[in-house]
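Each of the two complexes below includes subunit A, the first together with subunit B, the second together with subunit C.
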Partner chain A sequence: MADPMKLRASMHVDRVEVKILMAHPEESGFRKGPDGSTVPAHFISNVTVQHAGREVLRAQWGPAISKNPFLQFAFRGAARGDELTVTWIDNLGETRTDRVTVA
Partner chain B sequence: MQTRPSSHALPRAWLRKAFAIAALACTEAIATDPLSEYRRMLADDNPAELAVARGEELWKMPRGPRNASLAGCDLGKGPGVLSGAYAALPRHFADTGSVMDLESRLVHCMVTIQGLARAEVTAAPFSERGAAQTDLEVLTAYVAAQSRGATIRVPQQAQDELDSYARGRDLFFRRAGPYDFSCASCHGADGQRIRLQELPNLTRTEGARSAFAHWPAYRVSHGAVRTMQWRLSDCVRQERLPELLFGSPASIDLTMYLGVLASGATMDAPSLRR
Partner chain C sequence: MDDSRRNLITAGGLLAALLAAGSRAAELAQPAAPAWNQAAFAAKTVADCLKTLGVTASQEGAELDLTAPEIAEDGAVVPVVVQCRLAGVREIHILVDKNPFSLAASFFFSDGTDPFVSTRIKMNETSSVVALAITDRQAYLARRPIKVTIGGCGG
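For the complex of A and B:
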């Protein structure tokens, strides 16, 4: 199974600042391995962030994202103690979901 | 195609001012070290944290023929004590009667506590480009992270700690190989650089401190955590010297030399490097 994400969410006045660090190899599908063969593509294709049943972020990613991607965004409408659910799915169907409480 | 004078040309004075501001911004950007600025921007979310998390899992997981975890591993502060241990390594260990750095000590624990084969553990200590981090790399990152904020105090009490330092210093200044290079050729003077990378003067306290306090580090260009053993072996490779073997006495002596010079600084690893 994929390694857990590092998640942080903190209130800044009325905005929640969310920082997500994902553990993922992010292979573009163009890189060659030591034996000269192409390393198959392996990248995160969808990221969603849910807050109280509401989707606050949806991203569609391609192969041009760097290894161990970092994503930061902010939104309004949440309070301290609320829980956020972050999910990614990659092109091979692997998925990982982690939760974080707004601090 | 015809051209005609623009009817809304910018006033000359405004243009001059705009250029002056742009020029000022450029000089300021150069004046502040761009690499430290880059590190500052990424430091908050150092991907080394992912390696630290994996290292913690591995540290606590029962493994090997003896199905034991590393929780009983003595890194110099007593079995299982991690806090501040990395800031006091390399050091003399009574049970082996030798000076060991963190990475060679981890190998020792994996062999004696978990029953793993030494040759297997040390066959590939550093991860290939694009491959997953090795067990030794993530364990090193985890243990080092438990010394963040600790003051570096590399001991110089036992006779073999003193000897190790002396050998490390001799190695540092010893010129050899097809380029007749020593460590000091690049790291023995102020203001040296390779391409844009400023090279620390490791013969002075400030240089040794900034180097020693920041390894292991996440190398952005490698997408991986690299350890002190890797740092030294890659320097030696660039000097065109024979391969610096993982955990060899020479590698530990060089680490000892740097650690003693760096003593007094605050540990801040795993850090972030370009």
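For the complex of A and C:
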């Protein structure tokens, strides 16, 4: 099981600013390991953020996202105390879901 | 018909119902893999990638901001911010001209989500980063050259 995401969601007037830091190796599939063989690609392919059962952001990623991916975005329509659900899934089928409360 | 037989039949029916429910639960627990645009992520040039995304015409303008460093010392971590001042932006894509595969990321926005995204990408060598914003009617492009000191794909 992958390490938990670091999540922050803070209210700025009527906007919620969301910052997400995921723990993932993000192997491009081009890098060579110490033994000279190519390290197979291992990267997050899909990310979704949900608020109150509604999808607010959806992403598809390739292997060109940096190791331990960072993502920041903002949306309207939530209030302090609401819960957000962030889920990622990678190209090997591993997945992780974490929750954060809007502060 | 005696009672024990009736009970057996009822139990059998219940068991069948439970099994059916169980298999349905297993289906629910294993959702289909989410969509991933294989063709777009396999494109090796920005032009090809735009084609796979269905973009035939696009305009470059001041409505789309692409913020990134002029010189990235480490190509493995290049911070990129894309912000659009247009209404009705549905998608923002980030592409890198000279990466082995051009498309780095695609973001899909719901109503109420700002057309803004900040992330960190890998760049193999000095090249242009391209931001593409797609509204209901139009596609917008922003381009920015970034010098990379150390490549971030292989090594």
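Here is the rule we go by: the second predicted complex is superposed on the first by the 103 of 103 C-alpha atoms of A that agree within 3 Å, B and C clash if a C-alpha of one lies under 4 Å from a C-alpha of the other, contacts with A are read in each partner's own complex, and residues count from 1 in each chain.
Definition applied: contacts are C-beta pairs under 8 Å (C-beta built on N, C-alpha and C of every residue); 3 or more make two chains touch, one makes a residue touch a chain.
Since this is a predicted model, take the numbers as computed values, not measurements.
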| item | value |
| --- | --- |
| Room on subunit A for both subunit B and subunit C (clash or fit) | fit |
| Contacts of A:E55 with subunit B and subunit C, given as first, second, both or neither | second |
| Subunit B versus subunit C as contact partner of A:P25, first or second or both or neither | first |
| Which superposed partner A:N46 touches (first subunit B, second subunit C, both, neither) | second |
| First (subunit B), second (subunit C), both or neither touched by A:A74 | second |
| Subunit B versus subunit C, judged by how many residues of subunit A each one touches | C |
| Partner chain in contact with A:I89 - subunit B first, subunit C second, else both or neither | second |
| Touched partner set for A:K6, first subunit B, second subunit C, both or neither | first |
| Distance in angstrom between the closest Cα atoms of subunit C and subunit B, superposition on A | 6 |
| Intersection of subunit A interface sets (partners subunit B, subunit C) | 31, 66-67, 70, 72 |
| Sites on subunit C touched by subunit A in the complex | 33-37, 41, 76-78, 96, 99-101, 103-110, 112-114, 116-123, 152-155 |
| Subunit B residues touching subunit A - in the complex, by the definition given at the top | 44-45, 47, 49-50, 53-54, 128, 130, 132, 223 |
| Subunit A residues within the subunit C interface of the complex | 15, 26, 28, 30-32, 45-46, 48, 54-67, 69-77, 89, 93 |
| In the complex with subunit B, residue positions of subunit A that touch it | 3-4, 6, 19, 21, 23, 25, 27, 31, 33-34, 39, 66-68, 70, 72 |
